[in-house]
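Got some structures for you, see below.
Both of the next two complexes hold chain A, though its partner changes from chain B to chain C.
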Partner chain A sequence: MELLEIKNLTKSFDNKNILEDINLKISSGKIIGLLGKNGAGKTTLIKLINDLLTKTEGEILIKGKNIGVESKKVISYLPERTYLNKQMKVSEVIDYFKDFYDNFDADKARKLLKDLGLDVNQKISKMSKGMQEKVGLVLVMSRNADLYILDEPLGGVDPATRDYILDTILSNFNENASVIISTHLISDIERILDEVIFIDKGKIILQSDADKLRKKEKLSIDEIFRRMFKCS
Partner chain B sequence: MFIKLLKYDLKYMIKNMSVFYILSLFFAITTRLLFSLNETVMIKIISQISVGCMFAMIANTLINTIMRSWIRFRDSIYKDEAYLTHTLPVTKNDIYNSKFIQTLIFFIISFVVIIISLFITYYTKERWMMLKDYIGMITTGLDFNTTIFVISFITIIFLEIFNAIQCGFLGIILGYKKNNNKIGFSVVFGFVAYLLSQSMVLLLVFIVGLFDSSIMSLFENNILLDVHSFKILVILSIVLYIFIIGLMSIICKKEFNKGVNIE
Partner chain C sequence: MEFTFDNNIPIYIQVLEYMKIYLISGVFKCGEKLPSVREFATTFKVNPNTMQRALAELESMNLIYTERTNGKYVTKDTKLISKLKDEYATTLAKSYFEGMKRIGLGKADSIKYLEGIEE
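Right after this comes the complex of A and B.
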């Protein structure tokens, strides 16, 4: 059974198709790059998988089941924006995650926060955007989930921290889990990708093994992306 | 999971409402102390300012209970926090029920704080007797038990305001279904829902009136209600409001369960 299976998925806003007839299968144990230009439909697809948008047509299955309470137990999602209650302290957010997610490892979260030099007693509202994003990533990666979905996880952090984050992603998900990373910063994540999905104008135009694609095109994923999506 | 959701919703409200509760009680106690001092011109001026502050805080308590309930509902279900709310392993019914119960609990607490503040400020044995006599006069005329009359009166006001809050929830749910001008639509839909709920109460009273001529007289002439009809109307109002709040809750949950579209 596939970890994630999407069948004929369409999402429309005001009679305009934002996503059109998406078909996708993702198995366990892979790091997948969801790559596309701004407005290509990456975030819309991710939001649909996470029950933040209602689909117009089609089906999304997580381990063979529709999106619901059970799928939310196994998906760990990092949105593109800071989403934590700003009135809370980091330690309170840790307690919050511990309360709701059985697979959340609070000790691991505290350790990762310490590594990143973040104070658990600090209020979210007193943190910079970059710090809030780091807290978000730590919380998400501290879950023992089956599917991690990271929407622009590197967007607001400095280049020095990006490597640490990528290493955190690599070292903190188990072999049976998969990670979907949506980003524009392809060169930064290229080294960790097993598979790539190119999305454009609401359609998946390519899904391939990253190494096979590199060999076939004799170019890096970043270069393939740039060539494929070159603005005329 | 519902209890956990409720715990965090209540925590949010405590953080935001406690300041109004503390200030209401603080100004009530201050006013009371000032009333007990010798009546100099300056004390009178300060007392009046304190009374003004106490009433301002009471008004703030009531307004904030309503507004904060709506804001909490909107923020955790449709704004940035929604990214967390909707990815928690909980049902949409649990999310709605938690907001509903949280609002109910804080509405009761606010109500009690307001009553206590007024009691602290104005209670004297003479005033209490005067109030009792006044209510006694009304209830004797209406052939009503005083305690039941007071409880019924408070219950009707409580249900009426709670109904308005829930109409606001429905307005937010429907408003956020629109892609543009969500706040505008939320206000319009909320207002329409409130008007519809009030019209429904009126319609149901009319239907009861078809079987009870004394109730129908409300629609036919301007003669004051007799004792029997007044009692029926009080009971009917409470039953109808509970029915409409329940119905509105079902509609809210049905619409909410259709899913959300978070920007």
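Right after this comes the complex of A and C.
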């Protein structure tokens, strides 16, 4: 059974299709790049998978079951914008997550934060944007989930921190789970991807094994993407 | 050692090349047990699936083998490793001569330059 299966999914706002007839299958043990330009529909798709938006048509199945309360337990989602209460200290947020999610590993979160040189006694509001992003990622990766969905996890961070974040994703990724990373910063993350999904104007243009695509086109994923979606 | 990858070439092929050099240079010796896929993936900073693919490729070339439930080992066939070394050295030598040819130097002259280099 597929970890995630999407069948004929359509989402429209005001009679305009934001996503149109999306069909996808994602199995366990993969790191998948959801790649698309701004406004392609990446975040809408992610919000639908997380049951935060209502679909217009189609089906979204997690391990063969419709999404809902059960799927929220097994999906760990990092939204594009943080929802953390910035007046809280990191340690308070850890307690909050522990109360909220059965599968949250607080010890792991503390260890990762320590590795990243973050102070759990600091208030979120006193942290830089990059530090806040790291905290968000650590919290999400510290849940023992089946599917991790990271929406633009690298947006506001410097290249050195980006490498650190990628390493954190790699070393915390286990073979029973999958990770979907949405981004337009393709060259930074492509080396860790198993599969890529290109999305444009609300449609899936391509789903492929990353190395097979490189072999076929003799180009980087970034370059293939640029050529395919060249603004004319 | 810092590993750099060219995104234009399949990552597993590049990992495979690094692994071949490890075998040729004896970082991992004939018959020696190899680290786990996960350990390798952490070292190279690549996806474990990519590492798995590179190791599968090495295995299909008989350079490593899997002992059931016990992990992966370097081949005991020393000839195979020397053959690999020989091929690799030939490729390096060829590319040196090609480069020299481009600037108008023949084989004899090229060798003189080689002899002039102090190790």
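Everything that follows uses one rule, which is that the second predicted complex is superposed on the first by the 232 of 232 C-alpha atoms of A that agree within 3 Å, B and C clash if a C-alpha of one lies under 4 Å from a C-alpha of the other, contacts with A are read in each partner's own complex, and residues count from 1 in each chain.
Throughout what follows, contacts are C-beta pairs under 8 Å (C-beta built on N, C-alpha and C of every residue); 3 or more make two chains touch, one makes a residue touch a chain.
Just so you know, these numbers come straight off a predicted model, no measurement behind them.
Asks: Would you sort A:D51 into first (chain B), second (chain C), both or neither based on which partner it touches?
Replies: A:D51: touches chain B, not chain C.
Asks: Is A:V69 in contact with chain B, with chain C, with both, or with neither (first, second, both, neither)?
Replies: first
Asks: Let me test your reading of the model: by the given contact rule, A:K218 touches which partner, first (chain B), second (chain C), both or neither?
Replies: A:K218 sits against chain C, while chain B stays out of touch.
Asks: Just chain B (first), just chain C (second), both, or neither: which does A:I26 touch?
Replies: Neither partner.
Asks: For A:D194, decide between first (touching chain B), second (touching chain C), both and neither.
Replies: A:D194 sits against chain C, while chain B stays out of touch.
Asks: Check whether A:Y83 is in contact with chain B, with chain C, with both or with neither, and answer first, second, both or neither.
Replies: first
Asks: Could you tell me which stretches of chain A are touched by chain B in one complex and by chain C in the other?
Replies: none
Asks: Once bound in the complex, which stretches of chain A touch chain B?
Replies: The contact residues of chain A facing chain B are 13-14, 47, 50-54, 68-70, 72-73, 75, 77, 79, 81-85, 87, 96, 99-101.
Asks: Can you check the complex and tell me which residues of chain A touch chain C?
Replies: Its residues touching chain C are 29-31, 166-167, 170-171, 173, 175, 187, 190-194, 210-212, 214-215, 218-223.
Asks: So in the complex, the part of chain B that touches chain A is made up of which residues?
Replies: So the residues of chain B in touch with chain A come to 1, 4, 7-8, 12, 15, 80-84, 86-91, 179, 258-262.
Asks: Within their complex, state which residues of chain C touch chain A.
Replies: By the definition above, chain C touches chain A via 5-13, 41-42, 45-50, 53.
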